[in-house]
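Pasting the structures in now, so scroll down.
Shared chain: chain A. Partners: chain B in the first complex, chain C in the second.
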Partner chain A sequence: MHAFEYVAPHSVDDAVTLLQESGDAQVLSGGTDLIPQMKEGRRRPPLVVDVKHIPELNELVYDPVEGLWLGAAVPCHRIVGNGAIARAYPGLVEAISLIGGIQIQGRATVGGNLCNASPAADSIPALIAHRAVCHIAGPKGPRTVPVEDFCTAPGETVLEPGELLVKIHVPAPPPNHGGAYQRFIPRNEMDIAVVGAGAALVLDERGQVIQQARIALGAVAPRPLFVEEAGAFLAGKPVSEEVLEEAARLAREAARPITDMRGTAAQRKHLSHVLTRRVLIQAVQRARGEEAGRRNGHV
Partner chain B sequence: MSSKVMVSTHLNGQEVTFLCEPRQTLLEVLREELGLTGSKEGCGNGNCGACNVLLDGVLVNSCLVLAVETDGRTVTTIEGLTPPDRLLPLQQKFLEHAALQCGVCTPGFIVSAQALLEQNPQPTEGEVRRWLAGNLCRCTGYDKIVRAVLDTAQSLAGDPAQDSAKEVGR
Partner chain C sequence: MRAVGSSIPRVDAVDKVTGLAPYPGDIDLPGQAWMKIVFAGVPHARITRLDVSRAQAAPGVIAVFTAADVPVNEYGLIMPDQPVLCGPGSTPQAQIVRWEGDHVALVVAETQAQAEAAAKLVAMEYEELPVVTDPFQALEPDAPLLHPEEFPFPYGQRDRRSNLLLAYRLRRGDVEAAFAQADVIVEAEYRTQAAEHAYLQPEAGLAYVREDGRIEVIVAGQWMHEDRAQIAHALGLPEEQIVVRYPAIGGAFGGREDMSVQIVLALAAWKTGRPVKTVWSREESIIGHHKRHPFVIKAKWGATREGKIVAAQMDVTSDAGAYAYTSTKVLGNATLMCLGPYEIPNVHVDARTVYTNNCPSGAFRGFGAPQGHFAAEGQVNKLAAALGMDPVEIRRRNALREGSILATGSVVPAGCTALDVLEEAARRAAESPPEPPVTLRTSLDASRRRVAQGRGLALSFKNVGFSLGFPEHCHAWVEIHGEAEMERAVVGCVGADVGQGAHTVFAQFAADALGLPVEKVELRVEDTDVTGSSGSSSASRMTFMAGNAILGAAQRALQAWEDEERPARAEFVFHPRPTTPYDPQTGASDPNITYGYCAQVADVEVDLETGHVLVKRLISVNDVGKAVNPQQVEGQIEGAVAQSVGWTLLENFVQENGRAVTQRLSTYLIPGVADVVEEIVPVILELPDPQGPLGARGMAEMPFIPTAPAIAAALHDAIGVWFDELPITPERVWQALRERQP
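Moving on, here comes the complex of A and B:
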């Protein structure tokens, strides 16, 4: 690894000042992406700012009314190990539980998954489906950005020089809410999604009519893809195989995948369709309280 | 070259102070500065688990931790997890089941599996396989390792006196 300076500030203000003064500094939280990138020489920051000592970035609070506050430096194992959060947002927690194996879960953070901005990041489609919002601090003051607008290109985000992702807010799940995330990988574990699909929806109190729905896809576009039109199509429609199938078709249409070592564009189009249908069915089952008992999001 | 930093870590039950550069990983410092060569470098990028250690009791890849990050924290390596004068039940079962051949991956598997058994003393086969997915072995084909872990869990459940799987690591 190249030589760099290391600093571990204890406040958001200090971190912002350091990031602003250095310009080329990199934020370190779990390090599971940054450290390999530095070892390979893909990133050569002169300064590494370790944000794990900042209290706000370690916050993990769930309240049934206020929703979930997820600090950007909270490692995945803390979220996955929290029963109340797993029950409130099974689709989101499944996605987070799929990031790497156990030893990666011990370090990797959802904030880092967002800031690394991989098109195939597992947590991001689920965060988009669950209406998550990024809370950012910076030299010009705080601002918020919906997760679907946070990534701009592979490895690039809306963060400007000096800005820091502090925490992510996920609204409380309303009654009759269901969410799901599934991905396709050729192995059983520890792999990068060929395609990932996240969905969250709200049914009426009889569990028959979809009141609102959001669908997002991973690994089918230069950034995690919010398929707004598929969710909008579902809003107000009674649950039926045909309706879910049409939303899945819209997701397939929205996907703009490339062919690479993990899969072909045609395969990814097909997977967008199949996975969207599956996560919608699972989200409906969860909203109705008739979960089939799948433990994690493997296909 | 950046200047060296003084780091104090609670390592395997002892307070240890060392000098390192920020660019040095915990694995590099363990092996090359502190003489703890039980943790192995397989891939160096978090895929193989041969370098697994516990950081504040949490299983991590030491190749993906900067040594400076461990200041004021607790690190347990394979050397600290295993008693010097006898084998842990898990190690004994690795021998009985021939769960190793070349042995490079073994310290990482022992650290991982021991952490699993502390958290979940009676794991299912699926839970063992999921937990060990981040540890790669190119010799055994994994079945013998999985059987050794399951047999350890079973023998510890059947023999409460042999409770030593729980005595270490935290």
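Moving on, here comes the complex of A and C:
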């Protein structure tokens, strides 16, 4: 690895100042993406700003009214290990639980997963489905960006020079809310998604009519893909196999995958359909409180 | 309690779990320098100029070595067709790069970082040569030639105007006449892929000049004395000038049978006078060592209505890659193994291995038997389906038994237990019918509603020890200490413990023969000075060979003890019964010393929407003759099955135009713990091999072999599709399901 400067500021302001002054500094959170990239010489930042000592970035607070505040430097294991959060957002937590393996979970952060901006990132479709919003600090002051607008291209985000992702806010789940995330990989663990699908929806009191729904896909476009039309189609419709199937078909239509080593475009289109249907079924079951078996995606 | 037959803890267990056991990469020597090997990075080219001046001038650089610095610039386990370093200033053949992983320069520097930085400054000028990567195209008359030059070829005359490395044939009876009388004939083309060993420890090692003036190479390999011979040959030194030492070895599976860093470390240490160390990255390991052979096998088999197999015609082609490595030996095995463990009266096999610009192919657990059996067992299962016959019954009617004549015309060695493993597998399978699909396994399962289940069976055999006339032997000595009573014993035998537990087995045999507790047996296993060659830790041979050698030495030492020698010391060289090479026209031979037998039953579940395959249960019945350490035997069975499930369902070493595409473990997918079969049922049979030490047979490759055809048969049972190409990925299953739909 090359020689570089390392600073660990204790406040958001200090971090922003450092990032602004350096220009090509890299933010270090869990480091599970950045450190391998630096070891292989793919990134050679002159300055590494370690944000793990900044209190706001370590906040993990869930309130049934306010929702979830998820600091950008909170490692996955803290989220996955939090029973209240897992009960409130099973679809989000199962996405987070699929990132890397057990050891990686101890370091990797959702904030890092977002800022790395991989089209196949597991947490992002689930965050989009759950209406999450990014809270950003920067030289021009704070701003907020919906997660679906945060990534702009593979490895690229809306962050301007000097800007820092501080935390992510996920609204409180309304009554009769259900969410799910699934990904397809050829093996059963520790792999990059061939396709990932996240869904969250709200049913009426009787659990029969879909009031609102959001669906997002991973690994089928240059950035995580918010399939707004599929969710909009479901809004106001009674739950049935046919409407879930139609939403899944819309997700398949929206997917614009490429062929690469992990899968062909045709397979990814097909999996977009299958996974969307499956996460919708699971989300409905959860909204009705009738899900059997496990909650998250781990064995 | 006798030492042989008990699951004593491994002699290396504590050191390995506590991290004390030194692997080559863990070892440092005072004053050591670091070496970086520069790979060619092009698959076929003539190097016109190699400019190392900038690298030589870089900070910390001690020396840069090129082809001109290698005394005898050739090496190879079977034939010396590979330059140690490619480039000008050496032999004509060394000017040509034939593989992207060819070595072109060695940069030795004070630190690892300096060696790596300077290696990037080596400038190679070259003329590109046409690349051939398909073995069938490589056999075309106008194909680019990889090896037009002369080198010592151990199989008679080689046509230097062809990329054909070697061809074998087997002829028995009259297949045409037999096909004319067969009631059913099945034909298929089987394809298997290149595969990476993915052992835990990438290549690493050190070399230094000892105080006695000899060069010591500390490395992880499979056969110390062969490493020593190849190092000595390339350096133009007598073998006595070289010492090869194996510390702990992090897996091998055949992948360390050929040279990687051995020769170049010795060269660098010798030329610089400094201890020199090198450690490959995972990517260098994946690019830089050989792979399992891809095979294409065209098969046509016929049987009578009664299920008697009457004819087998096989056309077998393997991609040898750029250099011979063990391709001719793997071909020798595949030529016989593609017929499975069956007595077939009419046989016609044409087999060949062909040079291409791909990564060299070589030894990998099973050594041609997995590829051969994928075809043979696929054919038997298809015949059973065509006849409407139970897959066990058709095998019962054709399997080798005592006195059976092989296609080579020789009698199968005594102790043939193909039917025993078959019947036990059938019995175990009948006892445990497939379970309904209730287990949740992946993130997909919770909402997975459309699944199909199936069960499949396969039977296999595999030679123990080197084949076809190879002069097999193994050295050992035993030294008994004490006065009136035996106090302890020392055993010298340098067979490599590549992680399979060989050293524990050595101690168990010695303790058993001498009547001592295992703790009283001290092992001398460390280097080539201890004793003569033990042969390779491959071909499932080490327990068989070293066991016989140690028992022989122990008996003689006991005699010396009786004769009041103190310490009582004796040596023994075990020579198994000789084998003979294939007759070039007919394949007539006595090909192998003996065989091990394995039958497996696989239960699979297929996700009908995604094509994802889950192996729920795998029953593996292995006749091991005598389980020297039953726990280790079970470990070998479970490890082999896990590895074979990877080969069957996931792993694929992809190359494009002679360049590795899957260079990392993030793109070359090996099974994770969640991918290993949910329930592996290891079943050990102990039907003695009359030639084995206390009856033991080799066993470590055998449970790899039937897994792929058993899973393929289970998939056919589940969804009615035959998969004849590996790996059977979800995408291929999904495509097959899509094509099956109206």
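To be clear about the criterion, the second predicted complex is superposed on the first by the 294 of 299 C-alpha atoms of A that agree within 3 Å, B and C clash if a C-alpha of one lies under 4 Å from a C-alpha of the other, contacts with A are read in each partner's own complex, and residues count from 1 in each chain.
We take it that a contact is a pair of C-beta atoms (placed from the backbone, for glycine too) under 8 Å apart; a residue touches a chain by one contact, two chains touch by 3 or more.
This structure is a prediction, so every number in the text was calculated from the model and none was measured.
Undergrad: Once the structures are superposed on A, label A:V220 by its partner contacts, choosing first (chain B), second (chain C), both or neither.
TA: neither
Undergrad: Tell me which partner A:A137 touches in the superposition: chain B (first), chain C (second), both or neither.
TA: neither
Undergrad: In the superposed arrangement, which partner chain does A:H77 touch: chain B (first), chain C (second), both, or neither?
TA: In the superposition, A:H77 contacts chain B only.
Undergrad: For A:A248, using the defined touch cut-off, is the partner it touches chain B, chain C, both, or neither? Pick first, second, both or neither.
TA: In the superposition, A:A248 contacts neither chain B nor chain C.
Undergrad: Which partner chains sit in contact with A:Y6 here, chain B, chain C, both or neither? Use first/second/both/neither.
TA: first
Undergrad: Look at A:T32 in the shared chain and tell me whether it touches chain B only, chain C only, both, or neither; answer first, second, both or neither.
TA: first
Undergrad: For A:E189, using the defined touch cut-off, is the partner it touches chain B, chain C, both, or neither? Pick first, second, both or neither.
TA: both
Undergrad: Applying the touch criterion given at the start, work out whether A:V170 contacts chain B, chain C, both or neither, answering first, second, both or neither.
TA: In the superposition, A:V170 contacts neither chain B nor chain C.
Undergrad: Return first, second, both or neither, reflecting whether A:G100 touches chain B, chain C, both chains, or no partner chain.
TA: The answer is first: A:G100 touches chain B but not chain C.
Undergrad: Where on chain A do chain B and chain C both make contact?
TA: Shared contact residues on chain A (touching chain B in one complex, chain C in the other): 101, 188-190.
Undergrad: Report the residues of chain A in contact with chain B in the complex, numbered from low to high.
TA: For this pair, the touching residues of chain A are 1-6, 8, 28, 31-32, 35-36, 38-39, 48, 50, 52, 75, 77, 100-104, 106-107, 188-190.
Undergrad: With touch defined as at the start, can you tell me which chain C residues reach chain A in the complex?
TA: Within the complex, chain C touches chain A at residues 440-444, 446-448, 609-610, 612, 614, 649-650, 654, 661-662, 666-667, 669, 671-675, 729-731, 734.
Undergrad: Please give the residue numbers of chain B that touch chain A in the complex, ascending.
TA: Per the touch definition, chain B meets chain A at residues 1-2, 5, 21-25, 44-47, 49, 52, 55, 58-61, 63-66, 68-69, 112, 115-116, 129-131, 133-135.
Undergrad: Could you list, by residue number, the parts of chain A that touch chain C in their complex?
TA: 94, 98, 101, 180-184, 186-192, 261-264, 267, 270-271, 274-275, 278-279, 281-282, 291, 293-294, 297-299
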